[in-house]
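You will see two complexes here that share chain A, one where it goes with chain B and one where it goes with chain C.
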Partner chain A sequence: MDQRELMTLQQYLQEYGQQAEIFVQQLQLLENGRMEALAAIESLEDMLTAGEGTVLLQIGGGASVRARVEEPEKVLLAIGADVVVERSNKDAVEFLKERVMEMEASAKKVAETIDRLRGQMNEINKRIESGYQQAMASGEMQE
Partner chain B sequence: MNNISPKVQNQIGMLQQIQQQLQTILQQKAQYEMAIREANRAKEEISDSPEDAVMYLSVGTVMMQKKKEVIDAKLNEKVETLELRVKSLEKQEKMLQGKFEQLQGQIKAAIEGKGGPSAA
Partner chain C sequence: MFGGLREKLQAARSRLGSSIQAVAAPPGAQGPEPSSPQPPLPAESPVTGEPGPDAKKPAGFVDKIKTFIIERELIVSEKDIDGALSDLEITLLECDVALPATDAIIGQVRKGLVGKHRKIGESVDSLVVNSLKTALAEVLGNGFDLTEYIRQHEKPVKILFTGVNGTGKTTTVAKIGYFLKNQGFSVVIGAGDTYRAGAIEQIGVHAERLGIKIIQHQEGADPSAVLFDTVQYASSHKIDVVLADTAGRFHNKANLMNQLEKIKRVMKPDLVVYVDEAVAGNDAVTRAFEFDKTVGADAVVLTKADMDSRGGAAISIAHTIGKPLMFLGVGQAYDDILPFEPAKVIDELLEGGI
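Let's turn to the complex of A and B:
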């Protein structure tokens, strides 16, 4: 294996590394979305059983105000494309659960892709290492 | 790079520019396609709702209550506009791809010494 080939392999390794980084970020986004949806499901279910109870509404900066949920059985749900629809609490929970399932399926696919990329990176690493060893042994490379 | 003529160096620069433009176009196309999918999904979602369902549309920083038919029309309009933009980007992509291949051929020919390519 000559030096040019080694450089090409290192370039591939770098590109695969960058791709893996992007997929890891996607996975993080999906996980954040999933956690957010699960928290919303928990809040909606609790609100329904608590009735018109007072909740603490966080307004940022660690500050909260007391707020009363007037209609816990009605939920305004963002369905994308700047559209918000009113749904019953139960339907909203159902919608969010479906979203969680979709995100889990996507996360599984992304995780598989990351695994595949890592496998390919390991393979390239092995080839680079053996290339270096060959070069060192034959005295072609100088440190 | 030292034994490459300034003309070919210039062409390589142009090739890199075209590559960047192509990348920007592809990114924009992907964004528009995602927005189309989102709008179509929202359309499906509201089609399941009753005619008198309460719905809002984000307009700037406020959400305005609109009738289902109005939101449906807005979403159709949005999809149509986005599809037009995607088509326009596809045209640009094709054109740039052609330029890229032409320039690539010229550079290759120049490097291999098969004759002087003319600038694209």
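Let's turn to the complex of A and C:
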């Protein structure tokens, strides 16, 4: 294996690495979305049982205020395409559960792609390794 | 691809079907299922104008006439399908189909169904499917046949790719290069993303693997100069197509947008193609709209469509920005790019798996 081939392999490796990085970011986004949806499900379910009690409303920056939910039965929900609709608590929970399932399915696909890319990267790594070894062996022989 | 949308559309289709079915067979009406009408007996035909043997029993006769009319033709009223249409609307919105596109689809389905006379032998399902098909076709537009465009225009045809960061622009340039090469065109790629570290190497690796000539300068060079050189090379070597990669940029970054303006002035592209990812859903539609407003776009490519189960961006982008969808990126390999053919997508959404 000559120097040029080794360099090409290094470039391939770099390119696969960049692709994998993008997919890892995507996986992270999906995971964040899933966690948010799960937190919302928990809050919606708890709100029904909280009755007249107060809840902590996070307003960003780590700050919270005590709040009383006037209508825990009614939820304003972003269903997609930047559209918000009013749903019953139960329907909103159901919708969010479906979304969680969808996100899990997508995350599985992304994870498979990352695995495939890593497999290819391993292969290239092995070839680079053996290329280096060959180069070193031939160098020693020349000496 | 678009599995979620397909599933939900199937459900909406059955709901619409059953709403119409319910009109066709109101409680009390006797006779066979309207979806499988059978030719009425001649004795029951009102055309003859002669009272049949059942004339002595007016109620029975009227019933039979009613059944006959229901069998023969069915007129759908707006009220009958309102519930099902509102379900369809929510379904589309949940799949991230933009509001204007959703409105257009609903309006078209309503237009297609309300007041519709179902012909004898036509099933309710085919009535619903046909109106859904017409509605989707209207929203999806005609697509964009790139090979035909290249054949009909003076060579080299210069295609400039733009879009935001990290959506797969460079890979798309390589895939389209491969596609065009397989179609028999000669291609040269201009490595116009001189901004992102490693971008020149990345497109260089693709070009080498695909056996496509690439014109590149050093990192940080003026992209307009690189792309000008690429066009010059294509003209002097009689190359059919110039594919110009550019750096990812957001429409609200003034300096990068000015740079894009300069690129456009210098290389005078025949086509400006906006690239975004299908998984971004409605965000992709909004961004495409903003990009089109700022720099203009002639066609759109959506990447990562294989990971998008909702299909909202693919359905709404052409209708919302008024520019056709040209290709869908559907995987990692070079041949994982599909020319966007609306009729095929509609058939697969309503009838089978994509």
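To be clear about the criterion, the second predicted complex is superposed on the first by the 138 of 143 C-alpha atoms of A that agree within 3 Å, B and C clash if a C-alpha of one lies under 4 Å from a C-alpha of the other, contacts with A are read in each partner's own complex, and residues count from 1 in each chain.
In this text, a residue touches a chain if its C-beta (ideal position, glycine included) is under 8 Å from a C-beta of that chain, and two chains touch if they have at least 3 such contacts.
Here the structure is a predicted model, which is why all the values come from computation and not from measurement.
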Three-chain arrangement built on chain A, chain B and chain C clash or fit: clash
First (chain B), second (chain C), both or neither touched by A:L76: first
Partner chain in contact with A:A63 - chain B first, chain C second, else both or neither: neither
Touched partner set for A:A137, first chain B, second chain C, both or neither: neither
Chain B versus chain C as contact partner of A:V85, first or second or both or neither: both
More chain A residues in contact - chain B or chain C: C
Footprint overlap on chain A, comparing chain B with chain C: 79-83, 85
Residues on chain A engaged by chain B in the complex (per definition of touch): 76, 79-86
Residues on chain C engaged by chain A in the complex (per definition of touch): 4, 90, 92-99, 102, 166, 168, 171, 198, 201-202, 204-205, 208, 279, 281-282, 286, 306-307, 309-310, 312, 316, 332
List of chain B residues in touch with chain A within their complex: 35, 38-39, 41-42, 45-46, 49, 53-58, 63, 71, 75, 78
Residue ranges of chain A touching chain C (in the complex, touch as defined): 8, 11-12, 14-15, 18-19, 22, 25-26, 79-83, 85, 95, 102, 105-106, 109-110, 113, 116-117
